[in-house]
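So, here's a batch of structures to check.
Across the two complexes that follow, chain A remains constant while its partner is chain B and subsequently chain C.
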Partner chain A sequence: MHQSVLDFERRRYLKIALALCAVSLVAYLWHDPRSPPNGGTWLGYTLGGLGAALILWLTALGVRKRTYTSTLGSLQGWVSAHVYLGLALLLVVSLHAGFQFGWNIHTLCYVLMVVVIASGLLGIVLYQRLPQQLSQNRAQQTSDQMLTELQELDERTRRVAANASPDEVLAIEANIAGTRIGGSTVAILSAQDRSTVRLPDGLAEAEANPGQARILEWLSARLSASDDAGRTRTLTDLVSLIGARRALLRRLQQDARLRGWLSVWLYVHVPVTFGLLGSLIAHVVSVFLYW
Partner chain B sequence: MFRIAIVGAGPGGMSAAARAAELGVPHVLLEQSAAHANTIQRYQKGKHVMAEPNVLPLRSPLPFAAGVREHILEEWGTGLDRLGVNLRCQSEVTRIEGERGDFILTLKSGESLRAEHVIFSIGVQGNPRRLGVPGDDLPCVQYTLDDPDDYQGETIVVVGAGDAAIENAIALARQNRVFIVNRAEEFARVKDGNLSLILKAIEDETLGCFYKSSCLSVTATASAEAPYLLTLATPEGDTAVPCHRIIARIGAVPPRKFVESCGIHFPSADAAALPELSAQYESNVSGLYVIGALGGYPLIKQAMNQGYEVVSHIQGEAVEPADEPLLAEKFAKLAGGLSVTETLQRMQQRIPLFADVNPLMFRELILGSAVHCPHEGDVVFRRNDYTNSFYTVLDGSVQIELGEGGDSRRITLVAGQFFGEGSLLSGRRRSAAVYAGAGCVLIESPRRDIVKLMNSVDSVRSVIDRLFIVRAIQTGFAPNTPFEVLAPIAARARLNRYKRDEALFKEGEPGDRLHLVRSGSVAVSRNFGGREVTLSYVAAGNYVGEMALLGRTSRSATVRAAVPTETVSLDADAFAELMAHNPALRGDIENVMRKRIVSNAQAQSSDAGGNLISFLMRQGLGEATDVLLIDESLCIGCDNCEQACAATHGGTSRLDRAAGPTFANVHVPTSCRHCENPHCMKDCPPDAIRRAPNGEVYIRDNCIGCGNCERNCPYGVIHMASTPPPQPSLWASLLFGSEAPPVESTGQGKAPKKAVKCDMCKDQSGGPACVRACPTGAALRVSPAEFVEFVSTGVAER
Partner chain C sequence: MRVLLRHITRTAAGTQSVREEWVDDTVITLGRSTDQRVQSNDTRLQLKHAELRATASGWQLVCIPPGQAVVNDKACRDARLAVGDVVTLGSLRLRVEAPTAAGEPQLSIERLPDTASAAVSAGAGASASATAPKLSLAELGWRKRPWAWALFLVTVLGGLLLPWAVGVPSDATWSSGPLHEAHASLEGRCDSCHVKPFQRVRNESCLDCHADHLRTHLPADHPATLQFMAQRCTDCHVEHDEPSHLVQTDNRVCTDCHAEPERHGGRPGAKPVTDFELNHPPFRLSSLRSEQPASQLKFTHAAHLDERGIKAPSGTVVMKCADCHTPTEEGGSFAPIRMETHCASCHRLDFDPAEPDRTVPHGDPTEVLRVLSGHYSARYLAGYADPLAGRTSTVLPPGVEVAPAERARLLGVARDRALRVATDLFERRACVDCHTVTRVGTAAEPAWKVMPVKLVSNWMPSAEFDHALHGTSLTPCSTCHKAETSKQASDVLMPPIETCRDCHRGTMKTACIDCHGFHGKGQPLWQPATPKAVLRKAAPP
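Right, the complex of A and B next:
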């Protein structure tokens, strides 16, 4: 009743794609042109036409995805077919090219296609693996709820800090101000914590504070030096609040990382698709011009 | 002595007074609050007031057309001045005695007035329940809160523990120091969303809470810091809280007691019952008229028309009711050339069910109903349709087809009989198909109007209930036993009502009854090592408790109502009698029992499955007909489902994918469950919420945006929205990935806000757009029958 894109309808499109590959391969081996195999033979034209048609249809997924009123099958079915036929395309086009490559527009077109297919492959692998982690990491919360929780945690920390010494208040504020959840693409995708903190008695510069490590270290030094019961309680509370903050930040960074990976590959897949379409037109035009 | 005294200056009362002023009749209009139309004054600022029903003409010296609240109130205000209406504000009426010709009205101030006639138009909002402690009349005590942003930097105590109190407290806490006073030790009976908000706010100390506390007194102090002192009785002893303001949200006293104290009779004890009125809106007390929402007419225009009609009637002018042309049009296709009144009388004479209904209520019922004259053989409804209207046969006959395919049988109903009560009461699909016979004339009444009638007229309720039981037993156990044989058995059956989580019976108890679930659903659980583990769920239309009746004496499992549930129960003797008439029954029941034992044993072996069922039950699936689930092991969070919903529904998404709870990879997003008996339908003034044949619960265009449904839906899936800006073009979004975020509810816009919710894409040919637009197949819609299967085969065990 309920399956992933790969299992859709008992892998109907996998079977179709395999059949397509088999037919192309048999025809290719059986066909014995005088000259070495290339695009210029009747089989070459057939495979080329097929490949171009497939590319156009694969691109059409972007249109179908946004035609919300479409009654032409479910999007899941489209994606399932897209994945398997997209992979079959690699074989169809390689056979079409007869494995002849050089420094020309034709090979550029091929390379772009390979890039699109490879990125698609990466995408589908990520789609299989990451959602589960994403869900577990969120633990019943939405991303927005986690952010709100962070704000509330900070409010509570500020209230507790009001009982601490002025430089500790400054440190807590600096810690909040120096928190980074996003950052560069690389930072997001690797879930690096680039947070910093500028401690009042430390260097003039901000110090690295990954996983709240620096502020925890600083606070615990003060805690161990404290000889006043009230102060000790305040500092203990602060340390445990920062501990909670650390866990929440970690989850937020993981959330951003997972969501980043789930979409970053599309930033290669789609633009290169348009590059591919351009070079495909150039390839077809040049073939007919220089024939 | 006034000729007419009008109590309550709402739309109904104002219109009556305006008519009296226009005719030069000595009158007085008494209003408890500081200004006219208190109910409308209390609408949200800038609310677009709608003038439903559109087809009904307005009859009043005062103007009224759809528009912004402020504008309408102003027009009414100038209208009252212009006509010279004798309006007295701050004059709450506390007692009415006497009858036609000599009424004495007592005001709260102790003053009394005399009048020949009284028009009662106090609406149904009721009076806010007062604190009832010394000092509750000080200016710092208020019972409403218009705009929380009006207050800053004050200390405010909110008294009450309901949704209104919580919402006020949270809103005020943004700019003030707030305490909330709860009489109990927890916040029971509030929406889940509000519960988590308040608990969180208390934990974060954004506001303070006094549990198990009650107010003792309010006193003024000399201090400018905190001009008042509220004394509370708390478990730790009496505590004085210095404050600026006290907001009491402890509910409203429904007007019924007051109305009854004036001698007005209600036909039934049901809280929803309406007073009995003559065709001229006169109550059983002669000279005392009831109009507007209090009389059961929940819209402004209706109230205004009635005010006009009653005053004209008192002055001896014959007025045709404003709805006369509407009824005439409805009856146009009927043969016989009878007048509207004659047709209504003939209907009541021919249909025994309606014989005892008072003519005014009957008129209102027919106004909401449709009259059909189908051709012989036409389908009235199909088996398995989800519609819930109620039909009576006025002329001719209908054929009811029970069963399906080969072993279907037809029975005939003739003029005066009714059908369709099964789906009406249970919220389940139609259990039979119905075809029109020769010369057939049918009256189709919407669910809401019949429910209203059942609440007010006991005889209607008991006749419908009795027939329901007979038909339920017939379809459930004895399809071939004639009606006459079943009637005495059915008379011994009992109708039971259970609250959510209440047990029908418990494991180990002696078993002596079998329950047919009439509405709602029940969860079957068993005790394992001190824990109740849910094994399965039984939907309305099925029975439970059969095992104990077939030989075994004690209950093998506990059965609890998963949602508010009604059952029809049969004792062992009645059941034995049924089996005697129907020898095959024993075998059938044993079959069902065998299957249940097997599936219970399976559920037991997978603990996760049982827990998943109870999780889904808590999310309201026990009363759902169709619900959107998301398999979190597949969902990539692209929100294409929300995009698709918005794109197919005027730009507003009706589902919130990310929100909602998750258990074992199954996520229940905030989206309509299409409940069997939708809570949202209760109290919708224009009856805008309907159920389509395929089960979709949808909101029609005549929604007036009152927000009742938003409050009544326990799952928070309805919101008020106006039409949002256009979406980016296809190419823009494909090339640049620019998706306009689906609009939740837009700000202060001038466009009227209406209620929006999922309609399961009933107008889309391909079915639900959210599911079709999910690239990974994570989104799926399931019905209760499917979800148990889903639990055992689906995501949980992958």
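Right, the complex of A and C next:
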């Protein structure tokens, strides 16, 4: 049975993270410095040191996950701890800062950390639902196999279309050529189908053909007008093939959309983490440079 | 019934070899599972994908849902197959052959090259073709590493190295918060205080500007002086915090020691203080502490503030506090009381009814005598008509000198007159009203001694009270000072601590620093922090 990283070892790291938050919060409330709470009190330095150590350790997940032979705990445990302690970091560092913010390198560091945590949170949410949908949508195929299947389907359609009239052959070719799925970030993430088709007896401009709707409509019209049995069979086959194509395209789009969402947060999470590391260095060094 | 399966293998060169397999079963199972008769690793197939059933009338294709097959380029689930029909299942291509001579059904099975796996092994795969759609963010050119390193470099360079090395962007980006408004002129000039990298702000930096004003909290001989010498200005005066609080208002700055003064080197008997409202000794007046003599003034507030008024040269006058206690320009305290300014309009020092505007000077008795002698000498010599003497002095025509003998007589008369008037002023009429006056000297050469007046301008010099801040212009003075009923000059009209606590309690808490200055006047100059090691050596064991 699959176990979510969130439930790893009976949520051991959730408990550790909650304990860390509780200890930090109690210390913060108990600590009553003469000046407003800030990073320069003994508690401020303590929470700051803890936060910096946590950030470095959380970043080390990137190293650990590439070290297949590591014996430093299971990767699942690392991810579980990464999630929970990463969320706890938000509180620890906010308390470290004493909720004082401004237009400076220190707050930049905080903001980058919040962006990293928020993108990570998005990742957690996405990973709770999407992999299951992805696997259902793929039905044990890989993305490449689906693409191959599309090519095969198109070849078959071409072979069947060879029995149809010349303008129908043109329409089938135009339909294949006008297929536009993916191709842009928005199209991938929203599973947008921007396919078009230029029909031989239609408008001069290519017509929108999302979900193969226009070509199916066009073929169906021809089918209903057909009074020849052979021609009707060919057109029926074509409609059926385009219907299969429509379903396959839909699966490909869903596959791209799900894979896109499963990766898009990482394009924020990882680079901003490095921005966070850089600003963390600037924050720590500048604080002691101008002590 | 037996079934013949012809497994066809094509080589790259195009030649084909056939392996024949006789199967004693009429059902040919197809799928990825190893228990299938015709097994394929093509993941487009299910574990158990389809069955081909041989019947007397030919082959029947049955797909196991959701499996599908392509029969002669047409996708279907179930189909009755005729000779020559081609069934494609992923990379498997099956063709129904004519039955053998013995009537046994025959199938040829060919494994096409797996286009999908071929594509994967080719690297870029199917998406390598020009028309292949870009279905992943990576294919669109999204990259993590270049952005990661770019952001790292930007933050390290822009946040630390460039401001440090060349000052661009400004090192003001390191400021964790604004400076207090008192230090606004230093905003952006970090090196005013942060002199040396990685060194904490030193007291010298503060004293560069504040040396003229900053005093220590303690006199130099106080036992806790050493303790204070180790303090850094920034221990209390923290900058770059929000809200800005350059001056510590937290009582613990004081009560850390003053809660138990004796433990911290305070003098024996020093009273502990923890809180103004709950635990603060009664107010102590400076006069009692320093054995200051009484004011030596005969004065009562009650008489002066009589509601019915008091007799004055100009008639009956009802006096107000502000007639004598005039606020300073800032309004925080009051101008010193002066006889000439505040008393003389009633307590007139005139002495000659003939010249009612002429007065003796207030202050030095010798000077009073000198002025009186001078006045009467001049008057008698000038033919003064003495309204009291009952006789007229000689009136000389203009230009005629007084004879020496007459002059001596007149001067003698004038001196007698001056002494009589002085005696009247000092002992009966004017001075004695307010002062303690004793006659000294001889009968021939009388003199008077007036006890000097000592008014206390500040009864509580260790604390500061700002009348303006307390809105006293709107409040009757009697709220705090019981002047109307004070019948002794020795009465001290300072309110007790309870009067202050009427307001300063609960939510209107009072911090120590609200009344007591820290860097007090008359104390030695604050010294730069001394290293703790030096102090340990210097401190008594």
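Going forward, the second predicted complex is superposed on the first by the 289 of 291 C-alpha atoms of A that agree within 3 Å, B and C clash if a C-alpha of one lies under 4 Å from a C-alpha of the other, contacts with A are read in each partner's own complex, and residues count from 1 in each chain.
Everything below uses one rule, namely that a contact is a pair of C-beta atoms (placed from the backbone, for glycine too) under 8 Å apart; a residue touches a chain by one contact, two chains touch by 3 or more.
Source: prediction; values computed, not measured.
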item: Overlay on chain A: chain C relative to chain B, clash or fit; value: clash
item: Chain B versus chain C as contact partner of A:T273, first or second or both or neither; value: second
item: Partner chain in contact with A:R159 - chain B first, chain C second, else both or neither; value: both
item: Partner chain in contact with A:T142 - chain B first, chain C second, else both or neither; value: both
item: Residue contacts with chain A in the superposition, chain B compared against chain C; value: C
item: Partner chain(s) touched by A:L134 [first = chain B, second = chain C, both, neither]; value: first
item: Which superposed partner A:F8 touches (first chain B, second chain C, both, neither); value: first
item: Touching partner for A:V79 - first (chain B), second (chain C), both, neither; value: first
item: Partner chain in contact with A:S70 - chain B first, chain C second, else both or neither; value: first
item: Common interface positions of chain A, toward chain B and toward chain C; value: 140, 142-144, 152, 156, 159, 259, 263, 270, 274
item: Interface residues, chain A side, partner chain C - complex; value: 34-36, 38-40, 100, 102-106, 108, 112, 139-145, 147-149, 151-152, 156, 159-160, 177, 179-185, 188, 237, 240-241, 244, 252-253, 255-256, 259-260, 263-264, 266-267, 270-279, 281-283, 285-291
item: In the complex with chain B, residue positions of chain A that touch it; value: 1-5, 8, 62-63, 65-71, 74-76, 78-79, 127, 130-132, 134-135, 138, 140, 142-144, 152, 155-156, 159, 259, 262-263, 270, 274
item: Complex interface listing, chain B residues touching chain A; value: 200, 204-206, 631-638, 640, 643-644, 647-648, 658-659, 661-662, 665, 667, 730, 733-735, 737, 764-766, 769, 771-778, 780, 786, 789-790, 793-795
item: Complex interface listing, chain C residues touching chain A; value: 43-44, 46, 66, 70, 73-75, 115-116, 119-120, 125-127, 131-140, 142, 144, 147-156, 159-160, 163-164, 171-178, 190, 194, 197-201, 236, 238, 241-243, 245, 248, 250, 252-253
